[in-house]
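Listed next: structures, encoded as structure tokens.
Each of the two complexes below includes chain A, the first together with chain B, the second together with chain C.
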Partner chain A sequence: MLSKKTSNTIAGIAFLSPNIIGFLCFTTIPLVFSMVLAFSNWDLTLHNMFHDEAIKFVGLKNFIRLFQERDFWKFLGNTLFLMMGAPFAIAGSLIAAILLNKDLKGKKSGVFKIILPGAILFISCVMLTLVGMGAAALTILIVGAVGMTLISGILFGQTVYRTLFYLPNFTSGVAVYILWKKLYSPQTGPVNAVLDKPVSVVGNIVNATPSWVLLAGEWLCLLIGLFIMMKVLKSLFNHWKEGDIGSCGLVLALFFVMLPAFFAILWAPTAAMKLAVPAIAVVLLVFHLATDLKTRDFPCTIWHGVGSGFMIAMISLIPMFMFIGFAAAIAHLADITRQTDFSVLPPPEWLASYDWAKPAIMIMGLWMAIGSNNMLLYLAGLSNVPPELEEAADIDGASPFQKFWHVTWPQLAPITFFIVVMTVIGGLQGGFEMARTMTQGGPFGSTTTLSYFIYNEGFATGRLGYSSAISWVLFIMVFSITMINWKFGSKYVND
Partner chain B sequence: MSMTENSKRDSVMNVSKGRTLKREIMGISLLHILLAGMSLLFMLPFLWMVLTSLKTLAEVGLPEWMPAAFQWKNYPEVFDVIPFAKFYWNSILIASWVTFLQVFTSSLAAFSFSRLNWPGRDKVFLMYLATMMLPGLVMMIPNYQIMISLGWVDSFVGLIVPASFSAFGTFMMRQFMMTIPTSLDEAAEIDGASKWQLYWDVILPLSKPGLITLTIFTFMGNYQSFFWPLVMLKSIDKYTLPVGLLFFDSTRGQTTHLLMAGVTMSVLPMVIVFIIMQKQMVKGIQLGAVKG
Partner chain C sequence: MAILAVLILVTIGTAMVNKQTSSGKPVIYWVTDNNPARALQINTFQAWMKKKGYPDCELKLDTANRDVSKQIIQSVSGVGGDVMDCWSGGGDIMYFAEMGIMEDVTEDAKKLGFDPSKTFPSLEDDLKVGGKQYIFPCNVGASMYFVNCEVFKRFGLETPPMTWDIAEFERRGKEFVEVANKGLERRMFFMAENIDMISTMRSYGNDVFNETLTRSRMTGEGNEGYLKALKLNKKWIEEYHLIPSAAEVQSFSTDSGYGGATLQLFFKGNFAMVNIGRYALIQFRQFGTMDLDAVQYPNGGYPNTIIATRAALVYKGGKNKDLAKYFLAYLASEDYNMNIVNDADALPPNPEYTRTEEYLHPKDYPNEWKVHKKFAQDAVDISIVLTKSPFVANKRVYSYLDDARQAVLSKKQTPEESVKYCETRINEEIDRNLLEKPKLRPEYDKQLELQKKIDEYRKTGRKIPKDWISNPYHKKYYKDMGWLETEKNANIQ
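Then we have the complex of A and B:
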């Protein structure tokens, strides 16, 4: 007779065995195999049935070659560039969740329930009879769709809107990418058909404005960006002084806050700006380092508040990048209108153009990512905010914005941290499906991300060893972010 | 005196109540209009998709969204141009097999992790969790070499078997089984039930909501899966829907109306499944992430 403990162990392993065998075959062994490959020169053009060379181990050669390859840095840059859409998507998810979190059923007034949908139905019916079929049928179709959404929204509450918001995310895949490829088609796609008029209007305005006004506008945008940076630096150092953020958190946050200054070097339209913006940023930083770093009122451990620092940096990145982007956009528009002889500004070529392919993918990503799992997580988080806290804020006479900033947002901080980490991990590995279905990684590699690079090297070019080495570099990046999450995710929750 | 004051206050309060009610209704109507507008923004690409799928080829390039007449015959035509029915069937077949196997192996492992006490159990579980963070790309090249040596390239087995083991599924089922009270195990043990009976007759029926959620997720995930089928499948009659659509786009991309009909047909099942099952799915997403 077996003891209870042994029988438990046998049963435990028996129940686990189907899963663990598969796990060994398709995860563990490949993982080890891949690591070995990363140090080998296995290349299908060198080692195949016609040309059989022995596979050699080449040590770190693959990695050295990788870091020396310009393309690798370019593709890494592409991956990071595409990830810059993520803060906007997360903010969008949060706004959508806040809007959906209201009690939308309007129980209090039965009259309201009938009047509004009735009015919409009435209006669409009138329009239908007045305008008839033909081109205007689209208007009626859209009005009818909105009307139906409203009616069902009023009758069934947030579920209706939540479903509609979530659908782009749920259906995202090859089919939807092909759809967007057609939407973006420069000549026949509806995106440009819609944009044609506004773009030419903007072009005319830019043409009509004197160039010194444009230049002033560019400077103004950059200065606003720098002003935000100043404010953020001040608040970061204040937090550091008060012991809310430890030294490591400060350094991490400073790195992210200074990032726009680096991008300004790349994007700023004139040479003066390329110099001035980073210079002012560095001066601001040095000024704070010199004046604020001496005293510390409340000491704390150096690892304290890394999450908070990270969050502050992330939030401030959104407006800073927006204003730098505005400045670059104004300069670009002025350039294009000056160079081309067209009296009308042509709309962008989207996926076919080197500069617009990435923004095009980011816009599509925004469409897919607002109503994503993140929105659902925020919804769950919002419903967990204790109502007493909000009531207390109401009694204190807090404005809705104050209430959000001081009551709701801190409660959502752990979820936000989780979402940011997951988004970064996903973003590093992402972009393959879009690149494969929409652009083939082009034009000129402008939409090739690391994942597409790995696929290309491994399955198209056949350099298996090299491809494995790239995938291990990716793995190390993902792994270090996971480590940050494990180390600080739980601490951040307790802050 | 006090009476009049009271009634005065009451009337004042009533007025302000009426005002706040009015404001509330105003606010809610505005919110509804805003939300409906946003919904429209999310739905417009789909609207264009459906309308384009009903156009003639000549109408495709025109800026008007509406076709002169709805060309419903585009839909059957898709099945003539490419083996669309075959793609559908392949996708559903593969996704069903993967779902069945994955739910089965996951629930077995989850049972072991949540109901049985064996030494080193939690360490092994932690290892499982860690593998969820592994980028799948790292394993792709070796896995493909394994498929070559097994002779599974361009076969359904090669698509089904590697996908049948999931750390995520195990994790999700374990989270769910942890919520089932352990007193049931003890009762079953006193009745002389074996571990298998405990799993099959007690825990599995009680985990039904979790099983349903996992089933939907796995099925939908595999219905959409792209990378592995793209790499593995060589012959057209074995293509799944995503690979098939890509093939359609690259060979006959000019026939936008037919392509959009194909896209519509591959999106539609997902929309239907989501609308029917959304309650379970939303709960599953929130449970999986919040507790993780």
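Then we have the complex of A and C:
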């Protein structure tokens, strides 16, 4: 006779066994197997049940080849580029969650809620009339859907919005990609139907603007970028002096902050700018190094505040790159308007264009991410913020923004940390379905990500060993970034 | 416990029900696409087996596993379909042969009557790998431009001639787009939806590979075929707008049916010509009556087209290989071929049936009568299979070629840079393959030696023995140019 404890254990294991067996068979064993494969020359054309050639271990050969392969770096670049949308996606899902956390069915603001959809519909109709109703059937559909959504929201409250916002997450990915492919259709898609007029207006303005004004505009954008860099450098050195950031954090942050200056060498429109921007940036850095490193008010360990330094650098990168981008865009626009044989500037060709394909996929990813599980997590997080904290802030006379920044945002730190980790993992592993459905990885490999590269290597050539090596390099990248996140990000969660 | 008992009972019940529905005959699974015509083809097969007195069996469709990735994984795992469809164009057959998943049917083909002599001669290089036959065509595609004659008539222009050169295409194309798009806000009419890059390159006397398939040869004097094709493609898209850009195609596209929206746009007249095989007639017949003609691709001196096949192979690990071979024999039969003829599903595997009245003048479709003979004729006269080298993964080769085209259109590379890049990548891939598969080396070295001799002979203007050449393009091109040593000459030597 078995004791109660033993029989309970057996019953527990029995209940868990289907899951454990499934996990072992379909996750653990393949995982270990693929790790072994990564060091082998397994090639489907040589090693399968119809060939008796033995699989050989090739040591690090697959990895060495991978790092020498130009495609790997290109596709890694594509993957990282697409990941640049991640901060915006997280911010978007937070904003969506905040909006959806409010009960929109309230009576007081009812008038506003009727005016808002009415205004949107009216403006949309005006735009449709301008662009021509015939070419914009899908646009009418979308505007109609938006209108209906707003009206439904007024009638039935936040549940409708929550469901609708979550819709992209439970709609089949492929269906969504095909839909977006239609939206991006360069000449007949609703995106360009809307953009057509504003873009041509911009084109006309650029055309009519004297070239020296454009040049001044380009310089202005670059100088604003440099001004931001100056402010960030000052702030970083101040943090270092005050003991908020250690030397290691400072070096890491400086490395990232200086990046835009080096990218300016590639992207700046004129040779003078390519020279001047990095030169000014280096002068600024040298100036701070020479003046601010002399004294330190509050010393700290060298690893202290690496996360803070990293975050400051990352946040500052966005406006700096934005202004360099503006400068390049002004020059590019001027070029296009000069070169084009159209009387007006054409809107982007999105998925058909090498330069626009990645941003197009990013925008779509952003849309999908806003209404994703991240939004649900934030919603759950928001409902867990103790109301007494907000009440206390209200009593102290905090503004809505102050309330959010000092009360809500810190309370959401654990969720944000989890979301950042998962988004980074998802971003590095993602892109396969989109590329396969929308672009086949083109044009000229511009949307091929690492996951698509793994598939291609595995099935187009049969090199499964090599393909596994790529997968494991991807894993190491994901693991390292996650570890960095844990090391430096979890501090803010626990704080 | 009770739930477990119920589950077991349900499982036994399901198994019993399934057993009852099974005929008890051996079953052959045919991995193919989900096409309504397959039902009729299955019925004809069963009837044909009975008529021939062959063993009784059941043919079942497996339309869920046609994807090449699935075929590969299932085949190397021992669970592939007994008969599988494969596409000869992109190098799948060479890939499958390398993996060893296809049954060698050379001897059975002779016995059962489905050897290469029963199909188009130009397909022989696709049917065989290393001298062994592995497949037989289900249908055959030799592409041409379908012409919508009504569109040319609408704009008061003549329909193009059967054979034309690049300059003639350009002249007529410019005339067409100018007249057709006059007064329109955006270009709505194009001469053709695309040009065939490989055929255009070949029309200048070049191919991706050299004669022995040992190296890619796309640069240097006398090898500018692909470069010229890239330049033409760019010029015709960006300068003359004879063919639409990717963006213009996307603007049209509704992605319905095979070929996307191309065929509907052809029917509507947006594309005056479409580059496609005879199987397009299946859809054209659904659209309604259209005055059709077919013309060759414009050529740079050597008219040619690409021939390819959706073929069937017998899976080496199948349980019913002998029965599966009867299926390949069925593909060569009159019963099957007449099915293809009547369905207009490309060309029938056996060219004999392209001479029937049903093929040439289908009763219900007099609007197609100008087309049928031309397709069959071109498949015999000017068609060549896509070149596949045994020393490289051919899917890679064709993706590099397409990359080159995209790089030029994206303005990331000049045509010269792009061709050089493409050639380098293919040759790097060959070198890598030789390193990873040392077994290939002896044959490669042998072919390299032959290549040296060929180059020497070509330099001195001597004729080349046919056996030295492995590249199907060069075999035909040299023969047509009179550069091959005749048997008589060879004997004298």
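Everything that follows uses one rule, which is that the second predicted complex is superposed on the first by the 322 of 495 C-alpha atoms of A that agree within 3 Å, B and C clash if a C-alpha of one lies under 4 Å from a C-alpha of the other, contacts with A are read in each partner's own complex, and residues count from 1 in each chain.
Keep this in mind: a residue touches a chain if its C-beta (ideal position, glycine included) is under 8 Å from a C-beta of that chain, and two chains touch if they have at least 3 such contacts.
Predicted, not measured: the structure shown is a model, and the values here were computed from it.
When the two complexes are overlaid on their common chain A, residue A:74 makes contact with neither chain B nor chain C.
In the superposed pair of complexes, A:187 makes contact with chain B and with chain C alike. Once the two complexes are overlaid on the shared chain, A:332 sits clear of chain B and of chain C alike. In the superposed pair of complexes, A:178 makes contact with chain B and with chain C alike.
Set against each other, chain B and chain C differ in how many residues of chain A they touch, and the higher count belongs to B.
After overlaying the two complexes on the shared chain, residue contacts for A:460 are found with chain C alone; chain B is out of touch. By the touch criterion stated above, A:274 is placed in contact with neither chain B nor chain C.
Residues 178, 181, 187-188, 459 of chain A lie at the contact with chain B in one complex and at the contact with chain C in the other. Across the complex, chain C meets chain A through its residues 68-69, 72, 76-78, 95, 98-101, 186, 245-253, 255, 316-317, 393, 395-396, 399, 402-403, 406-407, 409-412, 436-437. On chain B, the positions that touch chain A within their shared complex are 21, 24-25, 28-29, 31-40, 42-43, 45-49, 51-52, 60-61, 63-66, 104-106, 108-109, 111-113, 116-119, 121, 124, 128, 131, 133-146, 161-162, 164-165, 167, 170, 195, 199, 220, 224, 226-227, 230-231, 241-243, 245-246, 249, 256, 259-260, 262-263, 266-267, 270-271, 274-275, 278, 282, 285-286, 289-290. Against chain B, in their complex, chain A makes its touches with residues 8-9, 11-13, 15-16, 18-20, 22-23, 25-27, 29-31, 33-34, 37, 96, 99-100, 102, 104, 106, 108-109, 112, 116, 134-135, 137-138, 141-142, 145-146, 149-150, 153-154, 159-168, 170-171, 173-176, 178-183, 187-188, 190, 193, 367, 370-371, 373, 376-377, 379-381, 415, 418, 422, 425, 428-429, 432-433, 436-437, 451, 454-455, 458-459, 464, 467-468, 471-472, 474-475, 478-479, 482. Per the touch definition, chain A reaches chain C in the complex via residues 41, 43-46, 48-51, 178, 181, 184-189, 349-355, 442-446, 459-463.
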